[in-house]
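I'd like to ask you about the structure that follows.
Chain naming follows the written order as A, B, C, D, E and F, and within any one chain the residues start at number 1.
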């Protein structure tokens, strides 16, 4: 059993807003993030898979295939997009780092042949990141 | 004569669009960046000043003051903002990395006591940055 | 269940010295770190909390509050200080990376509302870090 | 119980090739990595050990000793070498990131006094790494 | 006038050897780098161009085009290659960081429309890099 | 003509204090840095030399020799030291980033065979650095 992690990046706009709350309550909880014009980030995604090393290839997972899956399932959907307006899961869920990690888990789980999705880590900034291991997904 | 550089960060949304061009021309030149919902970045700003070391303090420039100037003139205006919609200079200028560097130069030049603004560097991503030295500003 | 990690930094002086040992023994075990004039580091702290995502905010923990707690409990006490001389827990404990991680755990545990402290990581240098999960704290 | 991690680096050449496969099959699976002239990387190794803090030294493990062990067991063998041609374990095993992590585990396990080897992490590039915890080694 | 810099990466094998020198002389000058099996690095290339900002696009240089030129002229030739054996300029020149920077300058100069090549920087490791500005190329 | 840059690191304690000023004036100008117990940093030094490439070696400067010079002239003197108390030039000069850059220039200039010292860059933190080119040294 070994773990392999691959990083990918996407640059997206987002804002935080709970429509059930007043303007003042959104400001109090979300501060500058409540600006509905949106702001943005260079997100870094780390996807970890777990499995056995195939003795013929030395790989847990085919790296080209893993890269294609990340591109198709996540990067092509999130990159250069406004998460609140253009990504379906964030029409009803606030695109916090935590919720983005859960959403990416749901997009990837069951799609990677011969390996188990073990962790999704999302960095919003170099000093803030969320890790999701699939509990309750 | 010595140079001192201080970094600051801001997270903003933007998009690239020339209203004098057709949709197709904007797509051809700007690709994914032409999406008018906007996307975003963690920008890193490096501001370099040049001057003589004050023998009493050992400083070219008062570091707390420099930080306050960067905060007041740039970060408070750009951070957690949509550059196209909320920052005046980008209502008529496309917020490319090059144009952001020039705009920050104009915001800072002449504001730093006892030192000369020497360079403004703006990273849009770790692999792309612009340097402006004030020529033609 | 999800994990959220936030980084903070502090710049401190320290040295390693066991008063029960001879000068030679301190030199043998601690090498250059035994210089009692002290040396120093830019420490990076990563604090990880574990909890459920609040569906109203999308947060495990209020980020502004978490930042305030790190500032109040750790950064304001350690930053720009000589750990051996100015931080109480290091008057009797050697401020190694391991002991700093344990000390920060004790300062933070039980202080973060609605989330469980899961890990404290302290980097003394980019190539050396300690992780403490609270076992035996 | 606490974890301590130390990084080391080595720069090596390698290529991926399964002699039981045709040229075409090697190309299909390994792409550019199948070029038998070899290419290379700046590998980063993170070795994590687990143990109790010695109250006399404040250390889980003597840092100078740990550095010497990494140098002797891994860096002096792998650094500035062609892994396929000069490192015994890769004469019969393909030097993928996964297999390098397992090989380093086997080189280190049981060699670190007073601490348990907990994890070996190997970065081939900043965006690709493998973690091995000894399961099945 | 503004400068724009874009990074690219390539992973290559190389070694240092002067055939006019004895084995001992090569060892004395080049140390571990003289191992003719080769070793390798993740090189980082920074290419800086200088020009005026096109007011219609906000660009000094078309970023997609610049990326294509770097890919075609440099990355496709150097990446996953053994520089000594597979890249023509290094059949007669030792692939030191300095010589790689000069070789990349020669590959790029005159190929970038509407902008002047200003600097080529090559990192062999994060702690070693060469800058070439074209003097004497 | 080409430039070669090599990095080195040292971890030191320091504080800022002008003995000609009152306690209040030191506090006003230097803030937390005026704490005379000292604090510390992981400094990063970048030394750039300029010269011609020796066609026999492909080097501007012998890398092993350059590393030895940096070790002997700077790192062995500054690393794991309290700059104010243990490094002669800072008994009368405040060890600001600017003054450290000038001091390192004076320690290195004229010591590097066959190359000209072109720049000394000192990072006190990743977000603050000084560059000295020898003007007025």
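In this text, contacts are C-beta pairs under 8 Å (C-beta built on N, C-alpha and C of every residue); 3 or more make two chains touch, one makes a residue touch a chain.
The structure displayed is predicted, hence computed values, not measured ones.
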Other chains in touch with both chain C and chain F: none
Contact-richer chain pair [A-B vs B-F]: A-B
C-D, C-F or A-B - pair sharing over half of the E-F contact pairs: C-D
Chain C and chain E, separation of their C-alpha mean positions in angstrom: 42
Between chain E and chain A, distance of the C-alpha-averaged centres to the nearest whole Å: 34
Euclidean distance of C-alpha centroids - chain B vs chain E, Å: 29
Residues within chain B bordering two or more other chains: 126
Interchain contacts (touch definition) - all pairs: A-B, A-C, A-D, B-E, B-F, C-D, C-F, D-E, E-F
Sites on chain D touched by chain E in the complex: 9, 11-14, 32-33, 35, 37-42, 79-82, 85-86, 125-126
Chain E to chain F touching residues, read off their complex: 16, 18, 20-21, 29-31, 93-99, 101-102, 126-133, 135-136
In the complex with chain B, residue positions of chain E that touch it: 1-8, 48, 52-53, 56-60, 62-64
